[in-house]
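Following: one structure in structure tokens, then a few remarks.
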């Protein structure tokens, strides 16, 4: 049963329309506290989430879906629709090189890490271009410097990375521990 | 009746989902010829438009609407949702100049007044722009002319102003006598 | 094999014959061309290729194969990153340490396997290499799915709002100024009369005659009736209203003063 059953039906329907519209119209995922600005009367977090689940259900047989990612809630086209969308825009974004992907993986699983840490694990020098590619995509950022000679920068992954991978938290990344067993 | 009735129901529903998703996911309005890329079998322009009208109907009670614009079809937030969307992106509301506010106050408290009356009270000339601003806002109107040289127009405030100030009658304006005491 | 046939091209240099005495299958050259990510990557490739155990590396074999590759790459005058040579030195060092007689074990001391560090690094690198592949396989925004953002119509023009407070402030400032200019007095007219004046003028906008009675709202109560009457007199005084009565006790008609039309 829905928890928003506590709200009058009319209000529920009105709030669902407002939430749906705001999430669709927002360029970034919408947080629960932003959603609270949309209701005239304050509603509880549980009621809000229950409305979101209902919107999710409303869309379950459609081509787009409401998803929760690291920085909030947003709509996305379901991956199986991509084949159609690609017909409109046949230019696929280029795939990242292995150097970029391995650097990203090391930052994701070992963060925060310095450039030196990355080089040690990969066994080769890391080019500035590789780091720049990831930074300009908004997937990694410098979150400080290490208290070591030269005060090297410490890199970490961003919420944007999680959002772009449709994840809510870093823990949802495939576990590297599991991979150990496969070795 | 719908013209797309010619298509089997299953196919209609499938195409509607694909069209809806593609238009929602497209950063630009989608043209009919782009939409033709989305169907595996060619369908007629009439069938296509009829599907679009059906999608329009599906959305008619929602906060987003499907509209045809010069360069194609797109979804947009309905204008009445703007107030909610603004809450997420609060901007400083624009303000009227002192000249506009004082002119409005004089008209409200001394109506009906001529431009000359306003100038006499304010001690400075009243620009046409000031009066035009208030007129186009629907807050003041000319209700006649005065029997005086040049037959100056007489301005009064409108019901719209009362509505916008949330007043039922002009008597509800704070009395200047009271205001003097507060000064 | 025909010595003149170009079998591969490495950085533009034609390769006409395969080097001898190498445990390298011909297709491995393509992988060379593909460029390994570094010496660890190359070692992992060799280990996987020859079903060696990453946890119990036969150093002699691995070192031989690694050096063979390095030699091949150098023969092709490929510029080798220093890391590759460093790794070669490390492999040789580990191999030679394995050849040395082991010192007798003491009861509480584990003798460290000279390969331990290399094996740890290989495992760690392989883990990240696989992690990178998994990351790449995950559906990615913009590549495998699209986020939805419905355009909001170009912002409706935001109109300034006026609060009662604003009007009050504006009028107070006017009163203040009026007080300073004592020769100019701002009187407050009975508002309701003023409003009623506007109201009457508005209801006469048509220009024709309207019956006197119709301008009064009997439901508004006595004060309202009086205010309406006073407003009418005020308008008549200002020639904004024309009041006609054709006979005594006859109907009274009102219309806009000719000047007010």
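A, B and C are the chain letters, set down in written order, and residue numbers restart from 1 in every chain.
By definition in this document, a contact is a pair of C-beta atoms (placed from the backbone, for glycine too) under 8 Å apart; a residue touches a chain by one contact, two chains touch by 3 or more.
Just so we're clear, the structure is a prediction, and the values are computed from it rather than from any experiment.
Q: Which chain has its C-alpha centroid at the greatest distance from the C-alpha centroid of chain B?
A: A
Q: When B-C is set beside A-C, which has more C-beta pairs in contact?
A: Most contacts of the two pairs: B-C.
Q: Please indicate the chain closest to the centre of the assembly, with centres calculated from CA atoms only.
A: Answer for the innermost chain: C.
Q: Counting only Cα atoms for the centres, state how far chain A is from chain B in Å.
A: Their C-alpha centroids are separated by 36 Å.
Q: How far is the middle of chain B from the middle of chain C, if each middle is the mean of its Cα atoms, in Å?
A: For chain B versus chain C, the centre distance works out to 28 Å.
Q: From the mean C-alpha coordinate of chain A to that of chain C, what's the distance rounded to whole Å?
A: Going by mean C-alpha positions, chain A sits 11 Å from chain C.
Q: Could you list the positions in chain B whose residues touch two or more of the other chains?
A: Those would be 24-25, 64, 75, 77, 85.
Q: Quick one: which residues in chain C touch 2 or more of the other chains?
A: In chain C, 146, 148-152 touch at least two other chains.
Q: Could you please specify the touching residues of chain A with respect to chain C in the complex?
A: Residue list for chain A touching chain C: 24-27, 64, 74-79, 81-82, 85, 92-93, 95-96, 98-99, 101-102, 104-106, 108-109, 121-125, 163-166, 173-174, 176, 179-180, 182-183.
Q: Could you list, by residue number, the parts of chain C that touch chain B in their complex?
A: 146, 148-153, 155-156, 158-164, 166-178, 181, 184, 186, 188-189, 191-192, 194-195, 197-198, 201-202, 205, 238-240, 256-257, 259-261
Q: Given the complex with chain A, which residues does chain C contribute to the contact?
A: 37-41, 54, 81, 83, 87, 121, 123-136, 138-152
Q: Where on chain A does chain B make contact in their complex?
A: Per the touch definition, chain A meets chain B at residues 17-18, 20-22, 24-26, 30, 34, 37-38, 61-64, 75, 77-78, 81, 84-85, 87-88.
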